[in-house]
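In what comes next, chain A is part of two complexes: it sits with chain B in the first one and with chain C in the second one.
Now for the complex of A and B:
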C-alpha cells in the first residue's frame, strides 16, 4: 500500500516536471487528483481571492452600495488606521492573546505536563481526563458554562453570597479577565498534550547524567529539558496563537465584545463592522489585517527561537 | 469474512460520504423542484423570540392566515420567524433577501430599513399594485413617508406606527414623594424624580431604565438617544441643507444626560441593560414586579401586559402612567416623541409575489388591522381604525396618540442605519465609562463623516 503511494507520488512529481510525457499513469493520477484540486480551488482559493478583492471595495450589506460595488483602493485600510476603535481592538487582541494564549495556555499547559511527567499512570489518566474535558467541549458550550458560572445570579455569586460576600458582576467588572480564564480553561489541554508528547521523548539518560554531574532540578529543566523541547514550544506557540487570534464564539457569547469596547478583539470588531454596521468591504479588510498579524506573530516566534519548522 | 475486508469497507464508506456531500452541494437544483411544488406556499419572515412579536404571531395564526387559506384553499402560508435580537434581525434579513433560495415572500421591515434595503435592490416596488388598491388612501400621510424610498417608489405597506414616552409606576413615585400624575417639564424633572426614587425606595428598585447598549440596537438609538436629541434644538439631520449635523450642543447634552443617569446610579446594572434581552427584563419582569419606577420606551409595551401577552398583568393600567417626554428645558412645544413603525414588504427575489400581495392586502384591511392593534398594542397607521371605539378605548392609547402631535420621524435617507449603529456604540461606550460625552461627540463627528462623506455633514 505504502509502496503504491510512493510510486504514485513519484509519477505525479515527474509528470508535473514534464519528463516522460507519455507515461500512461500520469493522466490517471491527474484524473484522481482533479476532484480535490477543483474542490480546493472552489472552496479555498476562491474565497481567499474574493476576500482580497472585497477588501478593496465599498461592498455593503444593504443600501445603494450593496448593488453598486465600487473599487475604493486603500480607503478601507486608511480609515481603519485612523479609527480609534481599531487601535483599541488591536490592543485588546494583544492583551487577550498574551494573557490567555501565551501566559495561560502555554505556561499552564507546560506546568501540567511537567508535573505529570513520569507520575503514576492512573494519576496521569485522571488529571488528563479532567483537563481534556475542557478541550473537547464545544466552544459555544464552554461559553455558556462560563456565563452560567459568572453572571449576576451565577454559581460563583451564589457561592460568594453563601459565605456572606457581596455579588460581583464579573462579566461587566472584569470582562477581559473573565474571557481569558474561560479561554484558558478551554484551551490548556491542547498545550498540555503537545508538551506531554515531547517531554516523553526527552531521553531519561541525559537527565540522569546531568543529575549525577550535580545539576539541580531547576538546572535540568532550564538547561536540558527546555532546549530539547524548543521545537514543540514554537510549534505549539504558533498553533495556539493562531487559534486564539480567531476566537469569536467564546467572547461574543460571553460579553458581546462589551461592555463598551472592553473585550472587542479584532474578530468581534470585524463582525461589528460587517454585520452590525453593514460594511462588508471594511469587514473583509479587517480580516486581512488579522491574517497579517497572525503571520507576523508566527515569524516572530520562529525567528526568536531560532528553530526550523 | 474475507468479503468484508477493511479496504472495501473504507471504500464503501467513502463512496457514501461522497454521495452525501454531492447531495448536499446540489441544494440549488433540489430546491428548484421544491419551489415548483411549493408554488402554492408563501412564507412570512419577522422577528420573534423571548415574547417578541407575540401579538403579531397570534394575529397571523388566528386571524389572517385562516382567512387567507379560506380564500385560497390550495395555498399554504408558512411562518418563518427569525429568533434573533433586534440588531441582528436587519443583518439577517439583508442576507436572506440576497438569494432566491432563501428569500421569503413577505418580510416585515422596520421603516428605517426600507430605504436602504430598497436601494440595495432587495425589495419589490409596489406602486403599480397599489394603484389599483383603494385602501392605500386610508393610511396616514406621514406614516406613508416611511415606506417611500429615495427613488420615490413605495416599498411596503405599513401595519403599525408608534410613539414613545415615559412609563412610570404611580405607586413607586408616590412613595418617593413625587406628585402623580407625573408631568415632567424638563430633563431635570426626570433626574429629580429618579433621584427621589433612588433615595427613598429600596435598592432593588431601578429608578430609570433607558435602552443603552449595542445589543438592543435601534431601541438604544431611537428610544433613548433620539428621544433626548429631538428634545433639544438640534435634530440629527438638517432636511433643508440635506446634511447630517455632526456637532451640536444637542448632541453633547444628550450624551451628557445619559452619562449623568449612570454616573448618579439612577440606571439599572450594566449587566442587565447592555444585554440583548434588556427590554424584556425591564417590561416583562421588573415593571410588573414593582422594581422599575420610570422607563423610557414605546406604547407597544402594553402588548406585554394584556391577557394574552407575554407577561399578563391586569393591574398594569391602574398602576402605570404614560407621561410625555419633555423637551430639554421645557422649550416649546413642551414635549417631544419619536415615531417609527413596521411595514409588510415583498422581497425582490420572492417567487410568489402575486400571492404575497394578496396576503398583504388582506392583512391590511380595516378589520384585520384593528385586530392586530388590539392584540399587539401598537398604534394604527390607518385613519379609519383610529376612529374605532374599540381602538380608542384601549388603555394608554389616548396618551400615546396625543404624543403624535409633537412627534418626529427618523431621517429617511441613505446611511441612516449606519449612523444609527454609530450612536448605539457610542451610547454604550459612554454608559460603560469608556469615553466621556465630549469624546463621544468627537467620535460621532469623525465616524459619521467617514460614513456619509465630508460634503454631507455640517455643524451647528
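Now for the complex of A and C:
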C-alpha cells in the first residue's frame, strides 16, 4: 500500500517537473547523497579501512619508519598477544565494561526507572533532574567532580571521618572501582530514560489483571514486566557496552590509566602506544581489536533493533 | 495495613538515597566555584564571591578557547544538519534498491566507538596535511556525527506529509526549493533536536581535538580546561570549579531547551520510529 503511494508520488513528482528521463529520482538521489558520502568516505570509512591496513605495517610517528611504511604482516599482532600489558588491558577493559556498563548503568538505571514509576510527580522529577545532571555534564567535568570527591582530602573521606572511619586513598587503593563509579554516575541517566520509556509502554491493564489474580509485586515484575521490556534491555545493553568501550577522557583524566596499569583499558593502552611511545602501527593494531569488538557489538545492535527501513 | 505502608515508603527511601549519592559530587563544583578559598572537600562557602568566575573570564586565552569551541561545535552542528537534510530527502521520499543497505550501514555507523579510529585518523590528517587544522577537525567531527544526523532527520522527514511539497511543485517550485521552503520549516523540532545533540556531543568532546590539534592557541575549551586541571588543578580548586561551570553551562542550557522538542519521550534516540 505504502509502496503504491510512493510510486504514484514519484510519478507525480517527475511529471510535474517535466523530465523525460527514465528515472529522474535515481540521479537526484545520487546528487543529494553525494556530500554525505564524500564526508563519510574520507573521514569515517577511510579511517576504518586504514585501521586494517596500518595494523599490518611498522608505522611509527618519528624516525626513519615514519617515512617508509613497511608491510610487516602479523608482527604487530604477534607482539601484541605476547605483550603481557595487552593481556592486562583486555582484562581491565572487561572488568570496566562489566562493572560500569552491564552491572552499574543497566541495573541502577532499571532500578531507578521501576522505582520512579507512578510516584509523586514532583519527587519523580526532582530525582530525574539530579540523575540527568550527571549525564548532561561533559565527561571531563565528571572526572574533575569525582577526583575532588574521592581525593585524600575529598568529600567522601570527610564523610567517612565524620562517622568515625579512616580515610581511604580511593584513587590509589581502588582505582578501578573509582573510575567505574564515575562512569556509572555519568551514564546511568541514559539507561534510566530508555527504561522509563519502555516501562511506560507496558499496558497497565495487564499488571492489574495479574494483581487481581493474586500475583505479588515481585511476580508481576519478573513474569510480566521483564519479558515485555526484554527487547529494550538487550538493545540498551549493547548500546551502553559500545559507549563504555570507547570511554577515554574519563579514565585519562581521573587516573591516566594508573597507578601502574591498574586502569589501563584498551583505549588508554592504544593512546599510550601510539602517542606516548610513538608506535602508531602497534597502536593501530590495538585499535583494530577495539574496532572489531565494536563492529560485532554494532551488528548485534542492528539485529536487536528490529527496525523497518 | 502496616505492610502496605512499608511498600509505599521503601521506594521513596531508596530513591532519596540514590538521589543524594548522585547530588554530592555535583554540589562540590557548585559550592567551590563561589568560594573564595575552596578546598577539595565539600564545604559551604563562608563568603560567596564571583572572583573565581571573573578571573577565569578575564583570561583572554580562556575566552579564545571558548570561541574556538563554539566555532567547532556550531560549525559541526550546522554542517550535520545541512548535509543530513539533503541526504535524508531521497532516503525519505524515493524508493531505491540501495536504500535498505544504506540505512543499515548508517545505523551501523551510529554505534561504532569513534575512539577506535583515532590513531588512523591522526595518520590520515598528517597525510592530508590537515593536522592542527580546525576546519579539518570540524569536518572529521561532522562525519562522525552524520550517521546519527541522517538517521534522525530521515525519520523526522518521514513524518512530513509529501502532499504539502507536491502542491508547492504544482505552483512551480523546484525540488530543492520545496525542501528549503516547505519540508525543512516543518521539521524544525527535529532539526533542533539533531543540532542540539550534535553540538553537545562535540562541545564535550576532548579526545578528538586533543589528538588532532597541537598548537595551544587553537585548543577548544575542552582541551584548555584539561590543561588548566593539569597545571592548577590541585591548587586552585575555586577557579577549576568556576571554569567547569562555565564550560558545562552551554550543555545544560541546550539540554533544557531540547526538552521542548523531545516531549514524545526517549525511545532509544527516536531510532525505533521505523
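In the analysis below, the second predicted complex is superposed on the first by the 262 of 309 C-alpha atoms of A that agree within 3 Å, B and C clash if a C-alpha of one lies under 4 Å from a C-alpha of the other, contacts with A are read in each partner's own complex, and residues count from 1 in each chain.
By our rule, a residue touches a chain if its C-beta (ideal position, glycine included) is under 8 Å from a C-beta of that chain, and two chains touch if they have at least 3 such contacts.
What you see is a predicted model; the values in this text were computed from it and never measured.
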Which of chain B and chain C A:291 touches, first, second, both or neither: second
Chain B versus chain C as contact partner of A:211, first or second or both or neither: neither
Chain A: partner with more touched residues, chain B or chain C: C
Touched partner set for A:172, first chain B, second chain C, both or neither: first
Contacts of A:196 with chain B and chain C, given as first, second, both or neither: second
Chain B versus chain C as contact partner of A:79, first or second or both or neither: first
First (chain B), second (chain C), both or neither touched by A:262: first
First (chain B), second (chain C), both or neither touched by A:275: both
Chain B and chain C contact sites that coincide on chain A, given as residue numbers: 151-152, 275
Complex interface listing, chain A residues touching chain B: 60-67, 79, 82-85, 151-152, 169, 171-172, 256-262, 272, 275-279
Residue numbers on chain B that touch chain A, as the complex places them: 87-88, 90-91, 94-95, 113, 116-117, 119-122, 213-215, 269-272, 274, 276, 414-415, 417-418, 421-422, 425, 428-429, 431-435, 443, 446-447, 450
Residues of chain C defined as touching chain A within the complex: 7, 11-12, 14-16, 18-19, 22-26, 28-29, 32, 39-42, 83-84, 86-87, 89-91, 93-96, 99-100, 102-104, 107-109, 111-124, 139-140, 142-144, 146-147, 150, 162, 166, 169-170, 174-175, 200, 203-204, 206-207, 211, 222, 225-226, 229, 233, 237, 240-241, 244, 247-248, 251-252, 255, 265-268, 271-272, 274
Interfacial residue positions of chain A with respect to chain C in the complex: 3, 6-7, 9-10, 12-13, 16-17, 25-26, 28-29, 32-33, 35-36, 39-40, 42-44, 46-48, 50-51, 54, 59, 108, 111-112, 115-116, 119, 123, 126-127, 130-134, 136-141, 144-149, 151-155, 157-158, 185, 193-194, 196-198, 200, 217, 232, 235-236, 238-239, 242-243, 245-249, 252-253, 267, 270, 274-275, 280, 283-284, 287-288, 290-291, 294-295, 297-299, 301-302, 305, 307-309
